[in-house]
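Listed after this line are the structures, all set down as structure tokens.
Look for subunit A in each of the two complexes below; its partner is subunit B in the first and subunit C in the second.
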Partner chain A sequence: MEKKLETVMDELIARPGVVGCVFADHQGLCLGVTGKASDDSAGIIHAIAEEAARLEPKSKPPVILLENDNRSCIITTTGTVTGAIFKSIN
Partner chain B sequence: MLDILDDMDRPGQTGYLLLNDEGAVLSSSGDLENDERTAATIMGLINLTSQVDSKAFPPEEGFKKLSFVYDDHCYIICLSNRKIHVVKKKLPTDIPSNIV
Partner chain C sequence: MGCCYSFFCKDENSSQAGDVNERTHLLIDPVSNNVNIQRDSEDILSRNSSILPKKTDEQSALTRILQETAANVIDVAALGTHNLQQHDYLERMKLYNIRVQQIMNNSRQKFNRKGNCILQDIPNPERVLGSDPIAAEDLNLIISAVAGASAAISDIKVDHKEDLVVPFGLLNS
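Showing the complex of A and B:
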């Protein structure tokens, strides 16, 4: 499990624009972090994903996108794992 | 002014909400008409997103736009002039469902 997640994180960080990523389990505990991201944010990204799922409880969880002029953050949930990818736009 | 915003034609729009900075519904239309529950959830999310990763995102920068993308529709949220604009719109069906 950890090995697979590490491989996924290595692949993600190698993609253009990606500066960091963090993964959380169903309790909001950090499963892995790489690049310019903090393991402290695992709880908050899980909370955001959980709150967003309440928007339409009958649909599958949405992909959450936060953007400003320079950066963006994509939060997505698959099964019990929530992942956040931080990207730099410049 | 609010009426002008309501009447604006945004392609694919199915609903619209305008909230003040305390989360009260100022104006609404379509799917989101008088949708206090969605308004409360969105306010909760806006409060949460202000604390996202301080290492990757300096807290002084903040976010300008927040989107929730489902398979066939999305919600787009923008903050402007101390008001929160929420648009629910249909997505074209030919884009991939998994955008990540």
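Showing the complex of A and C:
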């Protein structure tokens, strides 16, 4: 049933530098989580994407990059699905 | 009674020029001559008293009016006397600065205690704002990943293996 999503997440986590990923639906509910990521963050990630999209409502959904010294978090929305990828910075 | 009599006989009084006769006023009181005409019958009783108390009544009435008016008037020019002196300004400035510092410290501690604030002030914003935007590799990665996830989720179907409607409790009957 959700095998395709699991396949997508497994492929993601196998990429170099990726330590985790989260997917949320249009209400911020967690659809799937892998690696070093919490399903609690799904709602926050969805809210961040939604707020950023309100800056330019006519543009396509933005890609948001949150970064600190050793981690980065990339967020974007396609259709009703919001995804976040956590990467470690070497 | 003399005053009262002179009031009622005023029309016949032709001795204003200075001739002294029996109708001449003993005491010349322009206030009682001019104002008393407009007084009502209640005041006629009080006219029996001497002229001096009447004068004080007029004065006290005028004083009362003056006081009432003064109480209702805001004297802007007089407010200048309540201005703060220079050292008062300085003292208040110090006091307010101390209060602001206290409040700032308290709120800062609150934010630090919570620890769930994602966005914070940074000392050198130029360094962050001037940093490279997202790498093309990461951009492609996230776009393809979320597109793949979206496609995968739209493919989700419920494949039920049992009947959705079950005859519940019919077997026992």
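In the analysis below, the second predicted complex is superposed on the first by the 89 of 90 C-alpha atoms of A that agree within 3 Å, B and C clash if a C-alpha of one lies under 4 Å from a C-alpha of the other, contacts with A are read in each partner's own complex, and residues count from 1 in each chain.
Keep in mind that, in the parts below, a contact is a pair of C-beta atoms (placed from the backbone, for glycine too) under 8 Å apart; a residue touches a chain by one contact, two chains touch by 3 or more.
Note that the structure is a prediction, hence the values are computed from the model and not measured.
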| item | value |
| --- | --- |
| Which of subunit B and subunit C A:N68 touches, first, second, both or neither | first |
| Which superposed partner A:L5 touches (first subunit B, second subunit C, both, neither) | second |
| Touching partner for A:F23 - first (subunit B), second (subunit C), both, neither | second |
| Which superposed partner A:R15 touches (first subunit B, second subunit C, both, neither) | second |
| Subunit B versus subunit C as contact partner of A:A37, first or second or both or neither | first |
| Touching partner for A:I85 - first (subunit B), second (subunit C), both, neither | both |
| Partner chain(s) touched by A:T76 [first = subunit B, second = subunit C, both, neither] | both |
| Residues on subunit A lying within both footprints (that of subunit B and that of subunit C) | 63, 65-66, 74, 76, 85 |
| Touch list for subunit B against partner subunit A, complex | 38, 41-42, 44-45, 48-49, 51-57, 61-71, 74-75, 98-100 |
| Residues on subunit A engaged by subunit B in the complex (per definition of touch) | 19-20, 22, 36-38, 40-41, 44-45, 47-48, 51-52, 54-56, 59-60, 62-71, 73-74, 76, 84-86 |
| In the complex with subunit A, residue positions of subunit C that touch it | 118, 133-134, 138-139, 141-143, 145-159 |
| In the complex, subunit A residues that touch subunit C | 1-2, 4-5, 7-9, 11-12, 15, 18, 21, 23, 25, 31-32, 63, 65-66, 72, 74-83, 85, 87 |
